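Lettered A, B and C in written order, each chain numbered from 1.
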C-alpha cells in the first residue's frame, strides 16, 4: 500500500511506541509485506531467522523486535511485537469505513455501466465503462475494475486475506493480519456467480485482461492471474500464486499458494497444483504430473494383479 | 429459444449482413445450438469439418462462412463470421433488460409463495405456488420455477452459460456466446445455499421433480437433472450433462460436460465422472470406476512393497 | 430443541393423532433426533431394527409405529408415520416466520457491532459485541453469534439441514426433516465469503472460539467445530462431524458426516476424510492416510514399470 502523503519515522515511532534506530529523518511512503516491498516502504520482521532477508530487502523502514545494527540509509523501529505495530499502522492508514448505503458516494462508475439491484459497492471503488454487475454482488472498498467487465450474481470482490499469525499462548490463537491491498480486475474479464476474489495483504490481487472465471471460484490474496485465462467452476487458487497468460484450469482444480503456473498450461479437472509447473504442457493428478505420464501410471496400477500372478506362478514369467 | 413470432430469412439476411442462398421465403421460428435444433431453427457453423453435421441437422436456416450447396428446403445465411451473426440475432431477440427494482413487474409469482427480503427476481420469471425463496437469492430473467420449491439464501439461478469462442488473434481472446436458454426447476425441488444453476446456451437447464441439492452446488448450462436425485454439498456438474432419475452424488463430486449418468447410479465423494456411466451401480475415484474394483485397486497398491520384496528376494516367491 | 414451556403428552397425542401408551401424565420439555436426546425429550423411530436404541435412549417420549412394551417411566406415541408426526410437532413449535424487513425487530445486536448494507438478520437472532457483518450476508432465525466475530460477504448462516427421508412409493421421494436446531458461533471466529453453515436438525451446529474459515466453506448440520481451527478455502464438512480443537484443513478437503477428527490433526489439500482420524498427525489422500505413508505409496506406484521390467527380464532380479 502507498500512503497518500509521506509519513515521518518520528511520527511512526511515537504512534507505535517503537524506538528509533538509524536514520531518524526518514520518510515512509508505503507499507508492505516483505515480498512486495519497494524503497520508501515500511515492513516488519519478528523471527530472527528472517532478520537479514528483511534488513537487506528494498524496505527502508523495518519494524523489528531486536536492536540490531541498522543498514546504511535505513531506519529501524524497534518494537517488542512488530506484527501488532504493523497492523496498527495499516489500520490507521486504511481504516474500516462503515457503509450506510448500498453504493458509496465515493465510488466512481463509468459510462454505460449497469449496476443491477442488490449490489454493494464500497468506498473508493472504481468501475470502468460498459460493465454489467449482476444482483447481490459485493465489492469491498478500494477495488478497481476496468471496462467491459461482467460480474455475475452473488460474487464477492475484495474480501480480506486469509492470513493470521499464530500465538499459541493466547486463548484465541490466531491474530489477524489486516489487509490493505486491493483487487484489480482488468478489461474484458468475466466473473461467474458466487466467486470470491480476496484483496492482497498489502499488494494487489490482479485478474488479467480477457480472463474468464466460471462459478464458485476462489482467488486468494495477492494472486496474480494473467491474460486470457479460463478457469472452470469451483477452482481454488491460493494466496500469491502467479498464473501466467492463457492458462486453462478445469473444474475443481486446486492451486497452492506461492507458486507459478507457466503460460498456456492446461490442468485437468480435480487436479492439485502443489508446486510451480511449466507452461505449454498438460497436467493431471493430485499432486499434478504430466497428464500422459499420469494416465500411463493409472494403467500400470491396473496391472499389479497381473504382476502378482506372474511372481506367484513363476512359470508365467 | 423460440421466437414469439416467426422471422423472415430476408430480414435476418439484412440484419446480419449475410447473403441468402436457397429458399429465400423461409420463416425462422427459433434459434439454437446445433445439438438442440428443431425444424424452423436457425443455427450456425464456422468450421468446415462440422458443415455436414449442421447442414444435415434439423435446422432450417444455417449461418455458414462459405457458399456451399444448400440442402433442399433449407436456407443458408452466408456470413464471414457466423458466430457473431448468431450472437447478434440472440441479443436482438433476447436483449438484456436492466432491472430497476428487486422484483420485476413482469414476474409471475404463485399463491402462498413467500419471497424473503433481498431476493432479486428478474423479468419474465415464473414461480409456482407454495414456494419459499430465502434471502439474497438471485433469479435471472426467464427462469421458470414450479410448485413447492425451496431455494436457500445466496443461490443464483439463471446466470450465463460459461461458453466462449477463442479468437487467438484478438487481444481479448474469448468471445462470449450470449445465452438465450432458460432454467426450469420442477415441482418439489429444494436447492441449498450458495448454489448456482446456469441457463442453457439456447436450450433449457432442467432440475427434475423432487430433486434435492445441498449447498455450493454448480449446475452448468443446459444440464438436465432427472427426478428425485440427491446431490451433496460442493458437487459440480458440467454443461449439457444428462443425469437421469434417482442418481445420488456425494460431496465434492465433479461431473464433466456432455455425458450421461444412468438412473440410480451412486457416486462416492470427491469422485470425478469424466465419461458416461451406467445406472444402477456404485462408483468411486477420479476418474470413476466401479467402487469395489477401485477399493481392490487401493489394496493392490498397498502390496507393491511386498511384490518388490518377493522379486528382490526370489526365495520368497 | 427445548420447548419454552413443557407440553403434555395428552396434547401431543391429540395434536398428532397418536395413541398414548405408558405414562399418560408425562410432560415433554424438548424434541430431538435420537443421537441428541436428553430426559424430557420427544424422539421418533420408524424402523424396527432401531426400536431398542430409541426405547433405551434418554428420550422420555417416543413416537413409534408399533405398539410395543413401554419402558418404565416413559411414554409411547404410537403413530403409523412417526417421521410425519415428529415433523408436525417441530413445525408447530418452530414455525417458519416470514420476514418483512432485512433486520428482524426480534434480533438482538450488541454494542459496537457493525452490520453492513444488504445483510439479512432473521428472527430471534443474537449477535454479540464488536462484530462486523459484511454486505449481503444471510443469518437465518435463531442463530447465536458471540463477540468479535467477522462474517464476510455472501455467507449464509443457519440454512436448513440437508436431511430427507426416502419414500420410494411417492412421486417426490424425499420427505424433508424440518430443522429446529441452531447455529452457534463463538467469540473471535472469522468466517470467509460465500460460506454456508447449516443449522442442526434438532441440536446445534457450533463453530468454536477463535476458529477461522476461509471462503466457500460448507459446514453441515449439527457439526461441532472446536476452538482455534483453521480451514482453507472450499473445505466441506458433513453433518454431525466433530472436529476437535486446533485442527487444520487445507483447501478443498472433504470431511464425511458422523466422524471425529482429533485435536491438532492437519489434513493436506484435496484430501477426503471418510472415517474418524486421530489427533496430532498429518494426513493426505482420498481417503486419507498418514501423509508420509501416502507419499511413500506414490513413490512405490512409480516403480511398477521397474518391477515389470525385473520380472519379464528375470536376469535383472
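Assume a residue touches a chain if its C-beta (ideal position, glycine included) is under 8 Å from a C-beta of that chain, and two chains touch if they have at least 3 such contacts.
Everything quoted here is computed from the prediction, not taken from an experiment.
Enquirer: Just to be sure I understand the contacts, which chains border both subunit C and subunit B?
Expert: Intersection of subunit B and subunit C contact lists gives A.
Enquirer: Nearest 5 degrees, what's the C-alpha rotation angle taking subunit A to subunit B?
Expert: 120
Enquirer: Need the CA-centroid distance for the pair subunit A / subunit C, whole Å please.
Expert: 31
Enquirer: Two-or-more-chain contact residues of subunit B, please, as numbers and ranges.
Expert: In subunit B, 118, 136, 154, 194, 216, 234, 252, 270, 301, 304, 307, 311 touch at least two other chains.
Enquirer: Please output the residues of subunit A touching subunit C within their complex, sorted ascending.
Expert: Where subunit A meets subunit C, its residues are 96, 98-102, 118, 120, 136, 138, 140, 154-156, 159-160, 162, 164, 171-174, 176, 194-196, 198, 216, 218, 220, 234, 236, 238, 252, 254, 256, 270, 272, 274, 286, 297, 300-301, 303-304, 307, 310-311, 317.
Enquirer: Which residues of subunit A touch subunit B in their complex?
Expert: 114, 116-118, 132, 134-136, 148, 150, 152-154, 187-188, 190, 192-194, 209-210, 212, 214-216, 228, 230, 232-234, 246, 251-252, 269-270, 301-302, 304-305, 307-308, 311-312, 314
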